[in-house]
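Both complexes shown next keep chain A, but they swap its partner, so chain B is in the first and chain C is in the second.
Right after this comes the complex of A and B.
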């Protein structure tokens, strides 16, 4: 017996997973402009991953999910965040040198390419939260103690 | 050397190490272990430089995150996160970095047979990071964030060996108790923020002095309750006796040696002396203004301290589990530190209070070294013999002579035998408590009597007739032996210069903490000109 949730749920999931992913990516990339940000957007994208896990079942998830890749990506997310925080170390830790001195992300406030390191940090946090939450859900699904 | 330039690296280096650990560990276990040791060694170097700088200049370092000054444009109050390091903070940073380095070095040999080690080393670096952050922060919410980083890493590490139910049960218990304690602290911070509209500790102190409301008193009560939980004081020490023995021994060393002190004692001292300034409250009292009675707070802490040091040490005597004995002994020693802190507050402004406070700080450092050593020895015994039941460990001195020697030094130091480091700090606490109130001195001595009984019992077992169980045991490999010997060396060397260390480091640290000239507030406000 397969552990997916049937053809109706799978079809719906196929249709909605890309939309959820796009909406999450929008929340992440507009984190410095609109409500939400890296964490919220990352959690939304992770929602797509969890929907995949539920709709297609654990066996399909095992084939598509690579533990080492996800944990390396999570580390990269953290490192990018730390690197963005260290850009202005000459003045202070977390000094927003991109916003004050450029050369990128120093546009008009309210536009996409503004706010200095904030978009970079949002992307990094989004990556970290997405990979972390998907890994946590995969671990919980793997370690369940009951069998269907 | 510029202290402000090196301060952020105390956070950056362990954070970088922890984040890059999943990537580095793809290169294999050797790379992972080397990376963890390298990162913690670098942290120790930076911590030593920071300590030397603060000790040398006797000035409080104020570091602003994200800008040159903490003051916003056009406003005259600090709006940014600041890190503020005085001598007490620097001492704590050095202790944390040293003991963490020892624990990580020890883990190479001790955790050899475990799986999932990339998570272990990531978590241990994050635990170190959280403790370092608490020691350097000057912002209340930043303090809470680091407290949670530290706590969550330690919950996970207590339950790291999840093949037995003991670790999982202890981890869950620790998590529940720790979360309750954290929520007390968070509620206290929320009340203060709602009342005074700032989170910077130095500025909060000014605001509380201008208007010491009931809210501030309720928040203080919540802080003390939460932090007594975190430090494992009686009557809420029950989680400690489960969590510390269940963790892997290298983690037990960090939990007992560092976490309960940084997350409990240090945080309490910081809040009591830097936010609720006792000197200013005395001045307010003299002028018949509304004030907060810090002397009474000191007595509350003294009462808890007396309970803790009697119950902790007495419970240690009757344990048959070696690590549980050490955990209860930690509860007892926390009692001494709390006693010093309480007397420092109740006898504020007198010589006695200063000596008691210096003794508390001194004992915090000493106990971190001693208890780390003892837990590492317990770990070596478990590693070699496979049991921690004292009834089966008879005669260990024959087969594990070096380990037994390390235990002998640690036990003698914790009891307070003169040529070792525990003597000086305990003496300062006995002396000040006897001068302050003879009954407290008597209680402290009774606690030590119990403590001696507990450790003599273990030594008696170790030097007893060899049992069959230990016939094949031998001293552990170098990577486990080296941290133990380094800790023994630290204990002996610190024991050789007790009064020099006390006069040159601990008394100045106590004086800086008491802030007779409002140094902590001054250091912050002096930056206002540059806004």
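Right after this comes the complex of A and C.
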């Protein structure tokens, strides 16, 4: 028995998953300028992953989903967040030293390369939320306790 | 009959909530005018100093990642712990294989 949702849903998912991913990446990368941020954009990209899991079924997800890669990416996201917070440890934990006197990310407010560690933290949190939510959905789908 | 009573009571609750939430004669959540700046001065501080001190034009991101960074750190830890717990609890256990 195939566990995908049929050719119509699969075609629509193939068309919309890249658009959802692009929109989520936009929300993450412009998190310090426009409404949204790491959590929201990461959850949007995770929605694309969950749509893939629903439309293409568990067997296709098992082939594309690498457990070790996703755990490593989630750990890297958390560590980058902590590292960006540690950058200003000379003054205080969570001191935005890149914005006040840093070499990069100190442009005019409102431009993409501004706001110190906020873009780095947004990317890290977005990566962490995306991999975490996709891992949670994959775990729920893989380790189901009911009989089919 | 039961359905009619339920609908009417729902309508009554909605009307009561609309009456309570009216700012003219209902409940007041804090003072009006500019008096709120004396009581909730942190809001005013974030709005006026956020762009200069943190640099992001999105004040919510400024608050979440800079002024309240510890809260975000705890939130990320909660997410990590929740997913670790879900994976640990949902995986096949030894007695399930029988």
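By definition in this document, the second predicted complex is superposed on the first by the 145 of 148 C-alpha atoms of A that agree within 3 Å, B and C clash if a C-alpha of one lies under 4 Å from a C-alpha of the other, contacts with A are read in each partner's own complex, and residues count from 1 in each chain.
Convention: contacts are C-beta pairs under 8 Å (C-beta built on N, C-alpha and C of every residue); 3 or more make two chains touch, one makes a residue touch a chain.
The structure presented is a predicted model; accordingly, all values stated were derived computationally and were not measured.
Chemist: Which partner does A:121 reach: the first (chain B), the second (chain C), both, or neither?
Modeler: second
Chemist: Between chain B and chain C, whom does A:97 touch in the aligned arrangement: first, second, both, or neither?
Modeler: neither
Chemist: What is the contact status of A:72 with respect to chain B (first) and chain C (second): first, second, both, or neither?
Modeler: Only chain B; A:72 stays clear of chain C.
Chemist: Just checking: does A:86 make contact with chain B only, chain C only, both, or neither of them? Give me first, second, both or neither.
Modeler: In the superposition, A:86 contacts chain B only.
Chemist: Is it chain B or chain C that touches the larger share of residues in chain A?
Modeler: Touched residues of chain A are more numerous for C.
Chemist: Applying the document's definition of touch, where does A:44 land relative to chain B and chain C: first, second, both, or neither?
Modeler: Neither partner.
Chemist: Considering each complex separately, which residues of chain A are in contact with chain B in the first and with chain C in the second?
Modeler: On chain A, the residues that contact chain B in one structure and chain C in the other are 74, 78, 82, 93-94, 96.
Chemist: Would you tell me which residues of chain A are touching chain B in their complex?
Modeler: Contact set of chain A toward chain B: 68, 71-72, 74-76, 78-79, 82, 86, 88-89, 91-96.
Chemist: Flag every residue of chain C that touches chain A in the complex, lowest number first.
Modeler: Where chain C meets chain A, its residues are 51, 53-58, 60-62, 64-66, 69-70, 72-73, 75-76, 79-80, 82-83, 86-87, 90-92, 96.
Chemist: Could you pull out which chain B residues touch chain A in their complex?
Modeler: Those in contact with chain A are residues 8, 11-12, 15-16, 18-23, 26, 63-68, 118.
Chemist: What does chain A use to touch chain C in their complex?
Modeler: So the residues of chain A in touch with chain C come to 31-37, 39, 74, 78, 81-82, 85, 93-94, 96, 99, 106, 109-110, 114-118, 121-122, 125, 128-129, 132, 135-136, 139-140, 143, 145.
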